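Below, each structure is written out as structure tokens.
Next come two complexes built around chain A: one with chain B, the other with chain C.
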Partner chain A sequence: MSAKLLHKEKWSEFTGRLSGKNLWAPAVQGEVKKFVPVAEGETVSLEGGNTTVPPKALIFPQTETLYRFSRGEEEPEPPAIDEEMVLLGVRPCDARAMALVEKLFRWDFDDPYYLKRRELTTLIGLACNEPEINCFCPSVGGSPASTEGLDILMTDLGESYLLEVLTDKGKAIAGAVEDLLEEAPAEALKQKEKLAEEALAGIKWSVDPEGIPEALPQLWEDPLWERVSAPCLGCGICTYLCPTCYCFDIQDEVEGSAGRRCRSWDSCMFAEYTVHTSGHNPRPSRRERTRNRINHKYSYFVDKFGEIACVGCGRCSSLCPVNIDLIDILRQVKAAQ
Partner chain B sequence: MDLDKLRKTAAEIVSRDDVKYLIGWRRGTFGYRVSPHFVRDAAGADELIFSPLCISNLANYLTLVEKLPVPRGQEPDTRKVALMVKGCDSRAVAQLLAEKGIKREEVVVVGLPCPGMIDRKLLAEKYPETEQAAEIRWRGEDFVLVDGEEETVIPRAEVLAEKCRLCRHPNPVLSDVTVGEPVEPWAAAEDSGVAEIMAKNAEERWAYWEEQFSKCIRCYSCKNACPLCYCEDCILDRLDPIWVNRSVNFSENTAFHLARAFHLAGRCIECGECERVCPAGIPLGKLNRMLAQTVREEYEFEPGLDPEAEPFQASYKPDDPEEFIL
Partner chain C sequence: MKNYENPYIPHTATIEDTWYETAGDRCIKTFKVVLDDPAVRESWSHRPGQCAMIGLLGVGESMISISSSPTEKGYLRFSVLQAGKVTSALHQLEAGDKITVRGPYGNSFPVDDWKGKEILTVGGGIGQAPLRPIVEYVKANLSDYAGLTTIYGARTSEDLCFKGEFGEMEKIDGVCCHLSVDIEEEGWPHYVGFVPSLLMEVNPSPENTIAITCGPPIMIRFVLENLKKLNFADEQIYTTLENRMKCGIGKCGRCNAGSLYVCKDGPVFSYAALKDVPEAFA
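== the complex of A and B ==
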């Protein structure tokens, strides 16, 4: 690992240079903050909190074509995935989430779409100096300055950014802008450590997940599920905007003699998600669906991959229109144990 | 608002043998959040609140609750659901009754005259949220943010929700029990949001909605929060045939939103929940209010005022001049 310093007066040149590499960065559009492509000459600001839509949407698009087909053609045509992409300002929680989601897409089948896009993507992270209200990454194994999944971690030091170059992909980026960077002095690294400690101390919510994966199967019929799911609207906000949710549905869209097979995000909070062809639904109400969402993240994924499928970004709690709060649910799970 | 009286009334209602539970509001887990609160026993009533943050319409829970098959040997639970309603919310109940979506004997309506609600997003912009659950009250015309001993007066005009600026029915149109004194309706503001869009020409309007609908992530929160979107077999969920593809793009998103808007014409009671819950900030209220305005002006009909009224979309007059038919 090497550590570089980028003075902020060189920021626009830095982003300008990277914009030639298919650069994406957070921008606010109306009420929504999300990653958008950065055209040459456009200003990039990393001010403010995390994006509403997590960067997973770029590697695992909400709708993507698996292949096109047409009558008379024997071979389906998969789309070419060959464009490199650089994401700037990815928060450590979202980068960790990508590392978790990758476990699924590498599990019993190597998903070529996800893995190819992931391989072509370089993640330049931004350490969180000011955690938001619902952040709780340390409770689930993260930290505001975690490097997991990132190629470069940037830290805002005020006058400059500290760039910790972590991987070969990161090196390639640093190499392309080498003349804008200088070696980071030891005090810059010290300052970063101090900021990381302060950020950690600034996180308000916590829950100790110890025992939760084991407790959840025991609480299958516990009244807590009815209680916490009663206000649920059954919408897809908590899952669609969760960086570790990866469920999708596959459908064919046909017009005339040609069409495409595509996959779109799906959500276990929808009634339709588990409806059988017979009409039977093994998760007939929001109670079972809410229970599944929590069990999937805090029990099933742990059984299968050894880690909790939650990075503590707080989006589900912040964005829920009826204040269903993950920390509140986890505390109720602990209390019901 | 006399919270003691509210809680006492609620406790009495949920203690009745013929009431399953009561739905009201309680303080949320942080900031300006308020959560729907399902009160199942008298003790649960202690958490109830009615504050300027209780903007959500709870009437959707009357139809959102799943009708699960009753296990063999068990009797169906036919007890009533008690519901706290503001003026706008009560119109949803009245409209559900008019459409026979619910039966009168299934609900106990607790009416709460409403002095106007706060738009949480406007409030949070000016007075940032913290991890503490905030307390807000009405004071005269204005609102007051209470933090221990400290009180901050927030002028009404600064944070009043758009739907409340346009409100014509702050008092419940029907109720079994009312808590609080009726409020004096205020002069409803001109619907500048709708007027602004109607001032555009057709191309500009199309461009406007193209931008808006392109933002949609199809989370269905608007559909599920809407108290009048409750078809058991919804055209938007159909898989055979698929009327609206699951893929998320401008075309499918537009089909989704227009299907909903058409089905709500003459039925929408302007509670604004669709717009409030939208994570993408799509101004769905403007779309639905435009249709409501048209129905009001062209047909002299306003839904959700009379539970006995013939539903607008289900009515037919043999002497209708039908001037629009060529």
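== the complex of A and C ==
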């Protein structure tokens, strides 16, 4: 690992240079903050909180073509995935989420769409100096300055950014803007450590996940599921905008003699997700669906891949229209244990 | 960059023959198909109990049990109940038409571990489709097994699949066949009543026996109860689960029962393995 310093007066030159590399960065569009492409000469600001839409949307698009087909032609044609991409300002939780989801997309069958995009993408992270109200990443193995999944971690030091270059992909980026960077002095690293500690101390929510994966199957019939799911509207926001949710639907679209098979985000919070053709639904109500969402993240994924499939970004709690709070659910699980 | 194989892209296959097993608005049609690409045909190998995603470009795909046994070479058989969009579109097809196939998917019945044992299949309706490859496999390798008993029922004699095959089976030494219909009908020489009751009537010994049951959920529930009454241990009982599926390869998420993905960890489970899985029988 090497550490570099980027003075903020060189910021626009830095982003300008990267914009030639298919650069994406957070921007507010209407009420939603999300990653958007950065055109040459456009200014990029990393101020403010995390994006509403997690950067998973760039690796695992909300809708994507699996392949195109046309009558008379034998071979379905998958789209070429060959464009490199640089994401600037990815939060440590969202980068960790990509590392977790990758386990699923590598499990037994490789998913070429996800894996190729992931390989073509360089993640330049931004440490969270000021965690938000619902953040709880340390409870689930992360931290506001975690480097997992990132190629470069940037920390805002006030007058400058510290760039910790973590991987070969990170090196390639640092190499391309070498003349804008200088070696980071020892006190820059010290300052970063201090900011990381302060950020950690600034996190208000916590839950000790110890015992939760084992407790959940025991609490299958517990009245808590009825209680916590009662206000749920089944809107699916908690899953669509969760960086570790990856469920998808597959549908065909046809126009004339040609068409495409595509996949799009789906949600275990929807009734249609599990309903059989016969009309029978193994998860008939919000109770079963909420129970599945929590069990999947805090028990099933742990069974399969050894880790909790939640990075503590707090989006599900912040964005739920009826204020269903994950930490509250987890605490009720612990209390019922 | 690594060159990944694309598991979502299906093979094409040509329908060599197709016929109706049953009539009515939820009729069952069997398709005998041959994979078009000779290399794919050569390398294809499946085990009894495995499934495949079959479909039509522009319509969709459905998970269907491969109802032919690996001992039937050169073609694959699928028996499809007309249910919704994809299965109805499949029912429109005739010999010479093309379908898409990807697979084989899922685990299989551990037929090799069962060598030396008596095999008992208990099926209802379309549930005989995943059982047929076991029946065919054990028949083709009968000297490896202690015997084969098939119990199979449907609403009426019109609703029984693979009707023509049972008469032949009866003639084989070591093979027993018991058929039933739910309601009395003229000229029906076999049992009248539900499959779980026929099971009690047949009264199989659990001694050195493996029981495999597939069918509608309600039938499975009572068959399991009755097998327990007959003193079958949980480890001697196998069944298959059927959940809604899209990808078939453990990615899209929807087919889980507890932490198990039915498309990858299943569809075949021993009752011992399923008993403690939440939502397995939901």
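Quick note on the criterion: the second predicted complex is superposed on the first by the 337 of 337 C-alpha atoms of A that agree within 3 Å, B and C clash if a C-alpha of one lies under 4 Å from a C-alpha of the other, contacts with A are read in each partner's own complex, and residues count from 1 in each chain.
The working rule: a contact is a pair of C-beta atoms (placed from the backbone, for glycine too) under 8 Å apart; a residue touches a chain by one contact, two chains touch by 3 or more.
All values reported here derive from a predicted model rather than from experimental measurement.
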item: Superposed partners chain B and chain C on chain A - clash or fit; value: fit
item: Which of chain B and chain C A:P78 touches, first, second, both or neither; value: second
item: Partner chain in contact with A:S2 - chain B first, chain C second, else both or neither; value: neither
item: Which superposed partner A:T43 touches (first chain B, second chain C, both, neither); value: neither
item: Contacts of A:F69 with chain B and chain C, given as first, second, both or neither; value: second
item: Contacts of A:Q251 with chain B and chain C, given as first, second, both or neither; value: both
item: First, second, both or neither for A:W220, with chain B first and chain C second; value: second
item: First, second, both or neither for A:E31, with chain B first and chain C second; value: first
item: Partner chain(s) touched by A:Q337 [first = chain B, second = chain C, both, neither]; value: neither
item: Closest Cα approach, chain C to chain B, once both complexes are overlaid on chain A (Å); value: 6
item: Chain B and chain C footprints on chain A, overlapping residues; value: 249, 251, 266
item: Chain B to chain A touching residues, read off their complex; value: 28-31, 33-38, 56, 60-61, 64, 66, 68, 121, 129-131, 215, 217-221, 223-225, 237, 239, 242, 245-249, 276-277, 279-281
item: Partner chain B, residues of chain A touching it in the complex; value: 29-32, 52-53, 62-63, 133-134, 204-205, 227, 230-231, 233-237, 240-241, 249, 251, 253, 262, 264-267, 270-272, 284-286, 317, 319, 321-325, 327-328
item: Chain A residues within the chain C interface of the complex; value: 66-67, 69, 74, 76, 78, 82, 104-105, 107-112, 115-116, 119-120, 217, 220, 246-252, 254, 259, 261, 263, 266, 268, 273-278, 280, 282-283, 288, 292, 295-296, 299-300, 303-304
item: Touching residues on chain C, where the partner in the complex is chain A; value: 1-2, 4-10, 12, 36, 57-61, 83-84, 87, 217, 242-244, 246-247, 249-254, 256-259, 264, 278-279, 282
